[in-house]
Structure formats: structure tokens, C-alpha cells
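The structure follows.
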Amino acid sequence: MSITVEINGEARRLEGPLSVAALLHLLDLPREKVALERNREIVPRSFYDTVMIEGGDRLEIVHFIGGG
Amino acid sequence: MGVEVSAVEQDENVSHDSWEIAGRKFSSRLIIGTGKYKDYQQNADAAVAAGAEIVTVAVRRVNLSDPNSPMLIDYIDPKKYVFLPNTAGCFTGEDAVRTLRLAREAGGWDLVKLEVLGDEKTLYPNMPETLRAAELLIKDGFQVMVYCSDDPIMAKRLEEIGCCAIMPLAAPIGSGLGVQNPINIRLIIEQANVPVLVDAGVGTASDAAIAMELGCDGVLMNTAIAEAKNPILMAEAMRHAVIAGRQAYLAGRMPKRLYADPSSPLAGLI
Amino acid sequence: MGVEVSAVEQDENVSHDSWEIAGRKFSSRLIIGTGKYKDYQQNADAAVAAGAEIVTVAVRRVNLSDPNSPMLIDYIDPKKYVFLPNTAGCFTGEDAVRTLRLAREAGGWDLVKLEVLGDEKTLYPNMPETLRAAELLIKDGFQVMVYCSDDPIMAKRLEEIGCCAIMPLAAPIGSGLGVQNPINIRLIIEQANVPVLVDAGVGTASDAAIAMELGCDGVLMNTAIAEAKNPILMAEAMRHAVIAGRQAYLAGRMPKRLYADPSSPLAGLI
Amino acid sequence: MSITVEINGEARRLEGPLSVAALLHLLDLPREKVALERNREIVPRSFYDTVMIEGGDRLEIVHFIGGG
Amino acid sequence: MGVEVSAVEQDENVSHDSWEIAGRKFSSRLIIGTGKYKDYQQNADAAVAAGAEIVTVAVRRVNLSDPNSPMLIDYIDPKKYVFLPNTAGCFTGEDAVRTLRLAREAGGWDLVKLEVLGDEKTLYPNMPETLRAAELLIKDGFQVMVYCSDDPIMAKRLEEIGCCAIMPLAAPIGSGLGVQNPINIRLIIEQANVPVLVDAGVGTASDAAIAMELGCDGVLMNTAIAEAKNPILMAEAMRHAVIAGRQAYLAGRMPKRLYADPSSPLAGLI
Amino acid sequence: MGVEVSAVEQDENVSHDSWEIAGRKFSSRLIIGTGKYKDYQQNADAAVAAGAEIVTVAVRRVNLSDPNSPMLIDYIDPKKYVFLPNTAGCFTGEDAVRTLRLAREAGGWDLVKLEVLGDEKTLYPNMPETLRAAELLIKDGFQVMVYCSDDPIMAKRLEEIGCCAIMPLAAPIGSGLGVQNPINIRLIIEQANVPVLVDAGVGTASDAAIAMELGCDGVLMNTAIAEAKNPILMAEAMRHAVIAGRQAYLAGRMPKRLYADPSSPLAGLI
Amino acid sequence: MSITVEINGEARRLEGPLSVAALLHLLDLPREKVALERNREIVPRSFYDTVMIEGGDRLEIVHFIGGG
Amino acid sequence: MSITVEINGEARRLEGPLSVAALLHLLDLPREKVALERNREIVPRSFYDTVMIEGGDRLEIVHFIGGG
């Protein structure tokens, strides 16, 4: 069953259901190097396997970059 | 320090001249930013040349289209350097809090640099909003080092609400103009019970030395190093400049005189 | 210098950044005086802390009533430091020449610092007399490093008649006011084909850094170290300041801007 | 036979004849640490043993001291 | 202004160079305080010499024990000078509002100078409290000229809530140090749509000229005149200095050059 | 001057504040050059606006191909203004003497401005040659106002050989950088028994005020007025600036303070 | 009948009843040169004749003095 | 008889003999506004009528112009 979510401001179709961990794997993002916000709520890294992405979710995935 | 100590003992003293922030001890008083470098390798080399122990970092969205693009932490090791996440680009307290919560999750650090901007032309802080954001962050358990104007009254307020370091600007971010108002920086230092670091506006080595001679606990800079023709060499220059200014402050400079005073004795001339 | 070099190579480069005077190579660009110290031991400790390779010395009558009073060379070893005899206290070319001939006999060195004073209030040089004395000394085989005003025209003349180093004053001797006229120092450096060292007037570390950032080959100071509350620590501060200013000059500082320029990218904000 | 000379501006009676070397010894001054001028002429260290002091000589004996 | 105008027409132009505040037109750009003078007569003479049209005044309890002691308004006529009541000495918005309501009743003027202090050592304004007090006063129908820090972000806020003039400090009140941060003053002027006057910190004539050359609409001073050895003559000096700075700003200064440029033609030399 | 005098008497005093050079009395302390103007009419208007009583002029070959081209003296009347012929463009004493002898024949004046240049990049004076030329001119009966470096020792020499005014440069001719070394100007003024005028380098009104506040007897400028966007208005600005600086010097400025000092009494607060 | 009031922070006994105008007259203060606050309320000058002082009133009477 | 002279660096043929005054008239130069040097010697204005120009003379004729 496919769902639509918004990631970093862009809409995306995904094959659900899938966990945050699965999403990061899908996106090829190393879980230990990013932080993720789901519908304005931070998802602690320890919950990546259990928290499931749902249709309509608005996700922010960030990391550290160079800055002053 | 007594003036009898020999140069050797002196070096001891100096190597022991460390400072503390949020319970951590540091011997380097130079914090560098990680923006504007040609690449992360140059950035890493500059950090080594600067002898930095703390680097500021920004929090931004990952690049979904190219997840394998180079990442800062592959070049600058968070185990070797204290990452100081900043809120550069935030114009409201809410944005700042949200950004730093993500930073805390990403890195696990609660020591952060708060920066709430007032406008894009000056990148000066919006002080009332900065005050509000600092209160939110402190309530949320963060250790807040705060970028602020050089207004001593506001600096005092920030200390009173619990900021762990006061970081007044020397001049507009990226301007390289050096300390514009030494009187205000001096007043802020005189009244502070937490570390005071000059943040932003340093352009060259002597600017950093001047800031430290005023009695600052440290200096934070980015553009002065990253935009030098040779950033690595400038990083090393800044390392020396910060040490020079600190030692000159501790050593206690000679008084200024309006007229000359001979260095060689006048007696015994042939 | 390319900006690609790593910090390590960079250190190499810097450790290789030496200068020459009268055929001798030096890596330290800080020359210190030996007057005004509490005692010769403190003086010697300061020389170590400053990392100096050259020290200026005065020539005076021996103390006949107490021939066993401590002597400079028992504390600062002429084999370890280049002694630079000066003519401090001389007001005529003849006095200067006579003094330095004695110095040459006493030490066997022909590298000297010429200083012909114009008056006792400012201790500024008498430039026409300095010019005359320099000619006499050069004819007599001396290598003349010359204390002079910051007048570029006179500095050029001194180079033309064969002085091996131009040493314009930053401010009155012992005033600690720092570089008063950076424009003149810059003009002197731009036109010079021999080393230019700022001599006299430096008060604290940033003053030395500023002089070096102008492109000076070195700085000569005495009072700034000897009259600091802690001379040894100030000597070390000056060592760092001169290196910092030199490296900043070589690194090429960022341009100054009238407005702000962000250090963190604006893209990718959440 | 005693002579009178001026050393560093002060008159002194000495038992002559004596060489520069002898004078320095008499004054307890280490020859390698000083320079000497006799009647406005420098006496090279190598001549200290041969050059004799004469009555009326005006001598300057200097050394290095701290100076800026 | 075209450059063809003759000096005479020019004088016209200049005599027409007036400014407006709260609907009133003024030709003098120098506002003087009325404190610290030897006596009210000297104060009145200084006002004449300064060519002032506005004077600041304080509101204080009458002296009940000596009701016949000299009164300011017996020497400086409120019909000849605009009295600008200030809130000097107030540390809260409430005190300021209460003081100025009494002032309005005593004088019948609604043009006031707001000054809410942050501490007694610096006499710097408490900006958040100043902002709050300004809002209260404006709601109460006052025309508020506001003493503030040189923080452009706060200055903008004060303008947005309806202050009729922004008066950033040049340096601490009574310090006589002159404009400490010309960059901030310039930024405040560039963004302002209401008059900007430098308030506090001017020490001598050139300080006032420098403030006006930055583009200020006027300068407010007290100590620089009252504490000069000859206050009357200094008042006159300040009158000329403010005109000089204003005209120089309007005339548009020459560009600065790093090298010389001859004033006499090189052609036609014999 | 006592501080009791009323503003009116004061104006008297000031209107009486004249200075003398070579037996002539002047009330204006602003001397202007006559080069670089759009045309002689603008030049004449500027002289009026500046309130100048003395103007410098150059001596050059007549234009044989167009003998009827406009002539300076048809616009600026030598009967109304004292013409001060200069030797701009001369690099040797002989050239200077020859030029001024022609000037004396052309105008019949023996009051002249000597200027012997050292090089074309800085237009700084060649001081030894200036000294030699001054001696030749004085022997030849001229009254010599001399353009010189800011070296107090050389300034003293020039006075000793009989120059009637010492005119040290503030900064390179035409640079508009303002007084670079106030310490040297101050030293020259303190020791001088003849008028000292700052010559060259002034860029805007405050620069002129600063020079006068140091105690100069006058200021000579050309480019600052001629190259302003509006030369006439800048001329008027300079007139006010020179008066302002002079009066501030006579009035005696307040002492500088590191901290604030209230202008309003703290007693009697409600 | 005598009343006690506080004027500019000092307690005072007065013979009442009396108006603000009468008080100013008693204190020898020119009404056109001062402003008066009664129990934190400003008394407009036009009311001086009608507003009566009462026991326990706290009054502030101010004027303009030199200030920066 | 024609002569050649140098005026302000340029060679010129003139019909001689003529006085300095005549030369200035010829050149249309107002005598009271210029100064003249003949073979490095200044010719005082009062001598303009009597001093005669000779072949080979080197003349400088100057006036005041704007200068700083």
C-alpha cells in the first residue's frame, strides 16, 4: 500500500508500511549521522525501528554541516 | 604571578591557563566556525593549525538527492572536537529551539550557541527575542552560549537568566572590521561572572589579540580564517594571536606615556 | 603559498620563514633590548621567553669602584645571542662612531644599531646627523642597522648610502603608544630593499602584531617587556604576537566589509 | 716612579711603568670583557701586553651593559 | 545641490537647511542640556552662544525649605526655547511615565525625551524597559524622543512603535569619549525615517562634527559644554562644529586616497 | 579667559582672536589652495565661502599660444587676498629659489610657501633639501612658510634658521586621510615659537577641527574643498570647522572619563 | 482643624480645610511654575482652587530644573 | 634684422632689435601680470623698456596660476 509523505519540504510516494529506520535505509542515510523530526516531534534514535511512517507525515531529516 | 619565576616555570603557568565552560575544561581559547571553506579537508586542516578544541556547526536538511555527498563529521571528528551547534539563520525563538533540539538528538550535546538574528543586512542579534529564546532553551536543559550585541545591560540580563557564556559581537559577522567598541566589551567583561568570548567581526591576527587584551576568555571566528588567501596559515596566526593577547592581558602591560623614556642608562657615557 | 598545503606542511613553511641581515640568517623576528630589567637574571629569562636571537646592548664605562659587580655577558651569552651594540645616548655622529669602535673592539662584531638623538624629551632621531653618522660608520666597515623617523624619504636615503636595515620608530621610545603612523611604515616597507624593523614605541602584544601585519621584517622592543608587571610572560606574549602578525601578513587577510556576511549557509534551513 | 693618568674621567696615581695588561690586572678587570681607548685611540686587545701607560694618558675602559 | 551656485546663494541654501520634529521646524541642530553649570546665568549664556532652540530639562521636587531659590525658567525662557523634559534618573517605565505626566502639566508640552536607565555605572539605557515605556507614553499622547543604545535592531523597533526621534548614545553619558561605534550610528541613520540625533558622549568640537558627518540630524550634549574650562566659548565651538559637520555631510567629502595627489599642475614648470 | 564672561563679551573675545605671520595680522585661520577647481569662478566663490584671507598660488609659464586664456588674478584679487606663492613641483633648492624670485618679481611679495618634494608617490618633503632651500631663501630676504614632515626635530631646525611658519603635513597631499600622527603635531606645537599650520592631508570638516584642537594656528587645504561634490558648501564647512576647533582649543575641553557621569541631579526625584 | 499630609516625602501639619491653591500660596510657590500630584493623581492647574487637601494626602510638587 | 630666441623652452624667430616691453607687447602679454627671466637673470619690471632682447637669449615668462 503506497503512502505520500513530505520529507524536507518535498512530497514523496513510499511503499508502506515502513519504520523510520526503513525509511533512512531507503534514503541511504546513516542513522547515526542524522536527526529526524516527525510532524514537529523529534523521534529519538532509539525509536527508529518502532516508529512507523504514516501517510501525510511531515518529516524533517537534518545533519551537521559547516557553519559559523 | 610573581615576576621572579623563570621562563620555564612561566611556560608551566601558561600551559595551565585553561578556562571552563559548562563544566568542561579547555586550554585553547580560539573557537572556529566551519563555514565558507573551500572544502571540509581544508576546514579540518585549519582546525588543526588553529589548535581549536571547539568548532561551531550548523544544522541543515540532509541532501536527499545525493545522500553520499561528503559530510562534515567524516572530516572533523566529534570525538576529537567539541561540536557547538548554532542557530545561524534563525529569526525567532521557536526556530532556534526547534533547531537545537534536533542538534541535541543528532549529536547528543546540550552545549549550544544561540543566535537569533534581527535583520539580514547586519546579522545583528534581535536582543529581546534572543532573551526569550535563551529562557526557553535553559528551561529545556540546554547550556546556552549566546551571541549578543555589545550592550552591557543586555549582557547582564543574559547572564542573570542563566546563559553559560556571553558572546558579544566585535563587528558585523563577516565584516572583518575588528573590535568596534572596546569600551563596551570591557564593561561586559568587568561585570561578568561567566566566560565572555568575542564572537564575529575579527578580521586579522591583531584584532584577535586586541580582543584578548581586553580580558576576553576567548574568541570565536570563521570568515577571518576561511576567507584569508591562505586559511591554514591564518589559522595558525590566530592561534598565536589569541595566546599573545591572553598572555599580554595576564602579564599586565606597561603604562602609556606621552613622552619618551630612555631604555639605556644615561650614566657612564664615555 | 598555495592554499592546498596541509597544516603540517604549513608548519614546515613557517619554520622556514627566516630573514637575513648582513649575511646572517635569523628565524626569530623579535629583537629585545636589555635595559630597565630588575636584574640581569630576569633579563636572561625574558630573552629565553621571547625566543630572541638578537639583543641590543649599550656601551658604558666600567665601574672602577666595584669591578666585580655583575656583568651582562655573565648572564646573556654572546655565543648564544647576537649582541647588537647601540649608540643610545649619543647626540653627534662622532660620539656614535667612537662608541661603536669601542663596541667592535670589545665584542668583535661589526653589526651595530645606530641611534643619534635629536632631543631628550622625544628621543627622536636627528635625521641629518644620523645620515652623516651612518656614512662615517659604513666607510669604517660597520654594518649599520639604523634607528630613524618614519619619514619615507629619509628612510630611502639611509638605504641608498648602504644601511643594512631601516628601523623606523612606531612611537616615542618607551611610550608604549604603538604604531602611530601605519601609512608611513607601509610606505617605507613598500620601497625598501633591505629589512625594515619597527623600533621603539610598542606597548603590548597587539602593537607588535600590527607592526608585523604591515609587512615589517621584525620588531625591536625593550620597555614593553621590561616594564610589564610580569616581564617574562610579556616576553612570551611578544614572541607569539610577532609570529601571529608575520603569519597573518603572509596568509593575506580577508577583505573588510561595511555590512555583514553570513558564515552559515542559508540553504537547507528547516 | 709614579705617574698620574685619567681613567674614565677620574685622575689616578699609578706606579709605573706598566702595560695596559698590567693596569687591567691592577684594576681587577677581565681583559676579554672590556675595550680600552688611550688618548682617543683604541688599543687592540692583542697589544695589551706591549702598550705601556704613560703619565698624562687619558684612558676610557668600557664594557657592555643592558640597553635598549 | 549643483556646484555652480555662488557662495551667496549657498548661504541661502544652508540657512534653509532646517529639520522637523513632531511638526515643529528647527534651524539649529544642537540641543543642549541644562545640568552641571556653575549657575543658571552661565547656563543661559551658553544657550545663546550655542544658538540652541531646544534645551533638555529635568523634573524634580520643589525645594520647600527655600521656595525662593533661583528657578531655571527665570533664566531660560520657555517662550524662547523649547523645553524638552527628560526622565533622567528613572529606572522603570512607570517612573518615566509619571515623571513626564507631571512635566506635561507643568509645561504643557507633549514633546519629551525618554531615558530609562539600566545601571548607574554606565547610565546605559535598559532597552526592553525603554521600549515598554515608549509604548506607554505614545499611547498616552506623548511625542517621544528616545535615548537608546546604538543597536540598529532596537532603534528600528523604537521607530516602528512610533518614537518621533531616535537618539543613540555616542559614548557613556558624561564620558566625553566621542562616537565609539560610527558603524552602528551609520546603520541607524541609513534605516531611519525619523530624525536621528546623537545623544551623550560628545567631548569636544570634532566629536560633534564627526557625528554630523555620519548624517545625524542633530546632536544633544551637556557635559562637553558645562564642564569645559570656558563653557560659553565651548558652546560657541559646538555651534560651529555642528554646522561644519552638517555642511560637510551635505557637501559630500572627497574620496580618501592611499597615496598623494598634487594640488598644483605639473605642466608649465620653468 | 574667565568663565564669567557673558556670551556677548565672549563673541568679542573670539572676534579678536587673530594671529600674525611676518608682521601681518589675520583673523581667518584657514588658508586655501587654488588648484583642482572646475574653474577660477568656482575657486573665487570657494574663497569667499571659506572666509579665507590667504590663498596659495603656483608659478608657471604663461601660455604663449593663448595669451588671453583666463588668468587667476582676474578672479581672485591680489588686493583682497594675500597671495602665497608656493614651489609645488620643485625637487631642488635651486628650483625653489628661482621659482620664488620670479614670484616676488611678479607679485612683489616676499611671503612665500616653500615646498621641496622628495618623491612623486608621496609628495613628502625632502627635509635636508628643504632646510638648505629655506636657508637660501631667508638669506635672500624671503619670509618662508615651510611645508615639512611631522618630525619635531626637523621642525625645530626650520624654526632656528628663521622660517616664519612651520607647516607639517597631516597626511599625504591630496589623500584626505586627516591627521595621521597627532602626537608629532602636538610636539611640534609645544616647542614652536612661530605659527604652526597643518598643511595637506585634511579630508573633511572634522579633520580640520581635530588639527585646530591640537593647538595649530591654522590649516592649509586645497583638495578637501576642490574635490568635494559641492566645493562651495565644503568651503563653508571648513570655515566653521576651523573656528570650532580653535574655540574648542581655547575653551579647554572636559576631561575624558572611562565611566558615565549623570547630567541631571539625582536628588529630588519623585 | 489641623490635618497631616505628606509633601515631597515629608510629613506636615496644616490648618485645614484648604485648597491646592491655598497650599501653594502657603508654601510661597508660584502656581504657574509647578505641577502637583495628589495621591498619585495629577491635579490640573485649572482645578487648584476647587480641589481640597485632605488629611493623609500624599502630595508631590515638582518643577523644572537643570538636567541633561 | 631677425634673431632667434628661446621662450619658455620653444625657439622663436623675432624681428630685432626689440626691448622686453616690445616683446611682451608682441606676445600680447600684460606686463603687470607676468615676470620675466632672461638667461637665468630676472629682469625687473622697471627695466622692461631699456633691456633689449638679443639673439640666443633664453627667456622664461611666468605668471600665477591655481595651485595648492
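To keep things simple, chains are lettered A, B, C, D, E, F, G and H as they appear, and every chain counts its residues starting from 1.
FYI, contacts are C-beta pairs under 8 Å (C-beta built on N, C-alpha and C of every residue); 3 or more make two chains touch, one makes a residue touch a chain.
Predicted model, so just to flag it, every value in this text is computed and none were measured.
*Asks:* Which chain's C-alpha centroid is most distant from that of chain B?
*Replies:* H
*Asks:* I want to compare two interfaces, A-B and F-G. Which one has more contacting C-beta pairs?
*Replies:* When the contacts at A-B and F-G are counted, A-B has more.
*Asks:* Measuring from the mean C-alpha position of chain B to the mean C-alpha position of chain E, what distance in angstrom results?
*Replies:* Each chain reduced to its C-alpha mean, chain B and chain E end up 36 Å apart.
*Asks:* Any idea how many Å lie between the Cα centroids of chain A and chain C?
*Replies:* Centre separation, chain A to chain C: 62 Å.
*Asks:* Using mean C-alpha positions as chain centres, tell me how far chain A is from chain F in Å, no decimals.
*Replies:* It comes to 74 Å between the two C-alpha centres.
*Asks:* Rounded to a whole Å, what is the gap between the Cα centroids of chain G and chain H?
*Replies:* 94
*Asks:* Could you list which residues of chain F touch at least two other chains?
*Replies:* 33, 35-36, 58-61, 86, 88, 98, 102, 121-122, 124, 172-174, 177, 183, 222-223, 258, 262-265, 268, 270 - these are the residues of chain F that touch more than one other chain.
*Asks:* Considering chain G alone, which of its residues make contact with at least two other chains?
*Replies:* Only 8, 37, 60, 62, 65-68 qualify.
*Asks:* Which residues of chain G touch chain E in the complex?
*Replies:* Spelled out, the residues of chain G in touch with chain E are 7-10, 27-29, 33-37, 40, 42, 44-45, 60-68.
*Asks:* Which part of chain B faces chain D closely enough to touch in the complex?
*Replies:* 262-265, 268, 270
*Asks:* Mind pulling up the chain E residues that touch chain G in the complex?
*Replies:* 33-37, 40, 43, 56-62, 64, 67-68, 71-73, 83, 85-86, 88, 98, 101-103, 105-107, 173-174, 200, 222-223
*Asks:* Chain F touches which residues of chain G in the complex?
*Replies:* Residue positions touching the partner: 8, 37, 60, 62, 65-68.
*Asks:* Which of the residues in chain C end up touching chain B in this complex?
*Replies:* Per the touch definition, chain C meets chain B at residues 1-8, 10-11, 13-14, 33, 35-36, 38, 42, 45-46, 48-49, 58-61, 63, 86, 88-89, 95, 98-99, 102, 120-124, 172-177, 203-206, 208-210, 213, 222-224, 226-241, 243-248, 250-270.
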